[in-house]
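These notes open a run of structures that come right after.
Two complexes follow with chain A in common, the first pairing it with chain B and the second with chain C.
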Partner chain A sequence: MTGDQPLLSVRDLAVEFGRGTRVSRPVDGVGFEVGEREIVGIVGESGCGKSLTLLALLGLLPSGGRVVNGSITFGGRDLRGADPSVLRSLRGRQVALIPSDAGAALNPVARVGKQLRLSLRTHHPDLTAQQRRGRALDALRRARLARPEQALAAYPHELSGGMQQRSAIALGLQNEPRLLLADEPTTALDVSIQAEILRLLVQLRDELGTAIVFVTHDISTVREICDRVVVMYAGQVVEQGGVEDVLTSPRHPYTAALLGSIPPLGGVPPEQLETVPGMPPDPAAWPGGCRFQARCRRFTELGEPDECTSTWPGSADGLALGAACHFPLEGVRR
Partner chain B sequence: MTEPLLSIERVSHEFGARRALLPGRRTHLAVDDVSLTIGAGESVALVGESGSGKTTLGRVVAKLITPTAGRVLVDGRDVGALSGRELLAYRRTVQMIFQNTQHAFNPRRRIRDILADPYEIHGLPAPDGRDAALGELLERVGLHASMLDRYPHQFSGGQRQRVGIARALSLGPRLIVADEPVSALDVSVQAQVLNLFARLRRELGLSLLFISHDLRAVYFLCERIAVLYQGRLVEVAPRERLLEHPLHPYSRRLIAAVPGLGERDSAEVSQAEAPGPAPAPGVAAESPAAAAGCHYASRCPLYARLGAPERCRAERPALRPAAGGSAVACHFATEGEEPGANVSSVVSEEVG
Partner chain C sequence: MVQYVARRLLLAVPLLFGLSILAFAYVRVIPGDPVTAMLGVNSDPELVARLRDQLGLDEPWYQQYLSWLGNVVTGDFGISYRSRMPVSQILIDRIPATLELALGGLVVGLLIAIPAGLYAGFRRGSRADNVITGATLVGLATPGFWLGTLLMLLLALQLGWLPSQGYVPFGVDPAQNLRLLVLPSLTLGLAIAPYLARLTRTAVVETGGEPSVSYARAQGLPEGTVARTVVLRISMPSLIVAIALTVGFLLAGSIIVEELFNWPGMGRLVAAGVSERDYPMIQALMLVYGAIFIVVNVVAEVLQGLLDPRVRLT
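Right after this comes the complex of A and B.
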């Protein structure tokens, strides 16, 4: 990243749900930065808080959820304390969300063209109907839909999964946002279509300069498109850094375990894949110290050192590069 | 070679075929003249994109649907002719595991009752009391016998899939048809379930028909890989062979699409390999029934490179044997010229 201020800066973000004795904190001290034109991946298993982090940025937490700590700065503006009307004017215009299941995110009873035009009318009331149609068509073309005119007139169910996802991307892109938040945009898709959508995201960044936050549970897709990666576990950032660094020589035992659980392609397959034993902890009762400790092989190997159970090894704002681990792995090249 | 456990012989399945004579009805040929065998103890993968017919073929094998043409043999006996007692025996031989674990169980029944069903239906007394048998089943798939009284929603996705596997194992099947059993799971949980499959295969000598679009999972678990494209088999090969020397242009494309952890330039390879944005399945592509020739031709980079040979449009390529135990359905695929060579070099680096 350059010396300039990053486009998006998140520090020590915490999100809580529930009241009284049943308070849970599924996001707890998350920090990361996204520079202009940068693609940053957030990886973790279900329940690690990655999607909630994304929704918190947009002020779109599900009901009962609230940001209780930290700061969110976008383009020099504070979003956490921002008025809902300010957030509304940013959403879709400067920051857009691409959902994981486009089929469910699009309105099933409105043609794709109508949905695109509606968003344009909201953000650019001065455009004529003719201009709106032109812009919508352009957006579909940019999302590489094979026959944009037909897609414009189609209802979502008439499109294939890949085309629905492209329509959702067009919807996100047509106002030329500065930041695109993509929540598992390829998990509902086939491998071959997944590869195309990933390539499309990189192309769009190259053409339009849009920065992208890419949330996924599949660490192998991160390698394909991201510049930097943030690994989350139990509501915290356990490791972050450049994609090459983190994926070729992971320092945190959890990152290493995630990578090890991917079946290798080629050679003689191993008898067993590496797995992480046990289950992630409950967000209503996070354990003290390192949250991964109970499942960490390194903790056992090192004779269960006290630090691991007593002190959280990460930085206060969650922003530090490298691994949040008392005993990080050294130079293990995968 | 001894007789295979399962032979699929020229099976086709056309949805809507029975009503095809009514005006305005359209049929869909989901599986188109597929032949495949699985040996005892062998694990074979069916790969392909959605709409390739892999699930339909799996359901045909599990006899959940009757194919509109062709037949399925188990131990040399035609499955289509079975009824009554013999059909029940067949169901004990072949069991199915489903992708969506939330919908695969009745949410209002306890695991105990769900697992007891197969015994009830087949009128089998459990050896030493039913409870002991059910508990043992759960333990075999890595769960605790104490979980018998839980409901499906009280399990995580990975645990529910284990229950699905336990249910399939209860009658001592010889072949399991698993339809995308891990694709809905987190990567780390996927690894646990894949390990379970590998262990059960070793311990019980199970045969497996593993349906997936995830080549990595398939490579880990299956000795042979069958590639389906729009209902037709385009290549069948031993896993190493398919990965290192994919013959069919579509197989190459599938392999290039696997998200890599190897060198970044694998992205370039997939770019070179893919001829622009592909038409979405079922929308732009011609229906296989209408195409007399090779149904992949319109997307095929080899076809384009060879200057659109007439033969690809006129004649349907048959699955023909090739080197190294592969079989490929392509008029022109040879091992000699190989854009796939790049792919395999990237892949082997990643292994090293």
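Right after this comes the complex of A and C.
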């Protein structure tokens, strides 16, 4: 991390849905920081609260969702208590979202050029039409679209999946935001294009200095582009730290299990990849103690110690580095 | 595009053909007999036999059908049993009045329903939404003839703002034509507005859940821009098609409204034609109503294609 203050700081964030006895808390005490120019990965299974965390940052939780605890500070400003109009002026301008499926997210009935211009007109009202066109073209070129002029005139469905994603990246970057929130930006793409898009994100960070929060369920992509990683499970942060530390010697059994479920880089692939048995718990009824305990191999191996079922092993604000585990793994190198 | 329209209209041919069979069978399946209707129950059997023969009603049904169909293709719908005039001649006189009323009703309906539906849809779950949705329920349960009578009592008889009923062709006296149009169109429009409002609201609510809408918000676009350039723009093409399907209600409603306001359109021929078993007239009316419905829907699909780049008009 550079500088004294991180660009984005999230502490003890909790999101709730529902009322009365039907309350669920899919995000429960999440904390992490993102420095300038940093790429931070948030990994976890679907339903662990990673996408909701992003939406909470943007102030765009689905209806019924609300932030009930914690703080969000961006560029020294408190976002949690901010006025909706302040949030709107930040969205797309300072914090941009790259959607998981650009094909579904881009407006299907507007040409790409129009969508780029609409966003420019909102955030830079003083630009002339010609300047807007120029900037839109620049953004598409930066996102390495092969024929930017043609893309401007195309409807999203006329573009390939990779070109759609590049258009969405151009749309996110043209206002030169300080932070990009990439919500599984490669899941809808095939593998070769996935790799190109990941490379593009790193290049853009290097060129423009934009910090990136990269949400994914695929821990192998984290290794390729992230500086730091936050592993989430059941609405909480179970482990975070530098990518090298966490991915080469995971200390939380869940991180280790995730890594065990993918083939290792180099070396001989194992006979059989591991799977994490069972299902994540229900956000409407989180178990006490460690939430991973029911699926944890270490818990069984150690003879089911009481701590695991009685006390949450993590830090109060979710910010602590290392693993939220009573019996962290040590020195297991993968 | 031209090719698309041509193909759609060609597809309408088998539809109309099926409709012709239905129309032909329908008049013969309903109880009653045209000759009895014309001559009365206790008429001279010889006269009855002569008339049946004259009208070709003694021929086998398939022969009757084929000769009717053959004539229809050339534009000859036969002679009305009731008025002894060519059906096509009567229809040509009546169609403009019905179209004018239907158009008036549609305009009134849309003017009420679109703003109400949009407002309710964009503020789903709010008090305004509950009021509007409740009002559409009341509207759906209100019979058109009752509503029309009330409007007539209030606006024409009580307040004297408008003439209560009648018709003057637009070409003869445009101002009077429009004044006479107000009450019937208001009745018809109010009768279909609840359907249209619900369709509009549903379209807006459904589109509101699309990823494009939340993505537009994530870009920081103002709510008004999101509503106009995303929600409305996405839902409009399918909404137009849905509205075109309500033209069936509109035409059915026009039959009652024409009766109520003494409006000389096709609808008034329906009741008279059915009660007198005027076979050629009923058959022709069914075909014409069907054709109007089909044409309106083809136009709607073309509009959908023009508004939604994902639909290819080929």
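Worth a mention:
Methods note: the second predicted complex is superposed on the first by the 323 of 334 C-alpha atoms of A that agree within 3 Å, B and C clash if a C-alpha of one lies under 4 Å from a C-alpha of the other, contacts with A are read in each partner's own complex, and residues count from 1 in each chain.
In the analysis below, a contact is a pair of C-beta atoms (placed from the backbone, for glycine too) under 8 Å apart; a residue touches a chain by one contact, two chains touch by 3 or more.
Note that the structure is predicted; figures quoted are calculated from it, not measured.
Once both complexes are superposed on chain A, the partners chain B and chain C fit side by side without clashing. Legend: residue contacts after superposition of the two complexes on their common chain; A:L198 is shown touching chain B, with no touch to chain C.
Of the two partner chains, chain B is the only one touched by A:L273; chain C is not. Set side by side, chain B and chain C differ in how many residues of chain A they touch, and the one touching more is B.
In the overlay built on the shared chain, the residue A:D101 is in contact with chain C alone; chain B does not reach it.
Legend: residue contacts after superposition of the two complexes on their common chain; A:S220 is shown touching chain B, with no touch to chain C. Touch criterion met: A:L60 reaches chain C, while chain B stays clear of it.
Minimum Cα-Cα distance between chain B and chain C in the superposed model: 11 Å. Remark: chain B residues 49-50, 156, 186-192, 194-195, 198-199, 213-217, 219-221, 240, 243-244, 253-254, 256-261, 264, 267, 270-271, 274, 277-284, 344, 347-348, 350-351 touch chain A in the complex.
Chain contact summary for the complex, chain C toward chain A: residues 210-212, 214-222, 225, 229-230, 233-234, 237, 307-310. Taken in their complex, chain A has these residues touching chain C: 58, 60, 62, 88-93, 96-97, 99, 101, 104-110, 118-119, 122-123, 155, 157, 171.
Within the complex, the chain A residues that touch chain B are 45-46, 144, 146-147, 159-163, 190-196, 198-199, 217-221, 223-224, 247, 257-259, 261-267, 269-276, 279, 334.
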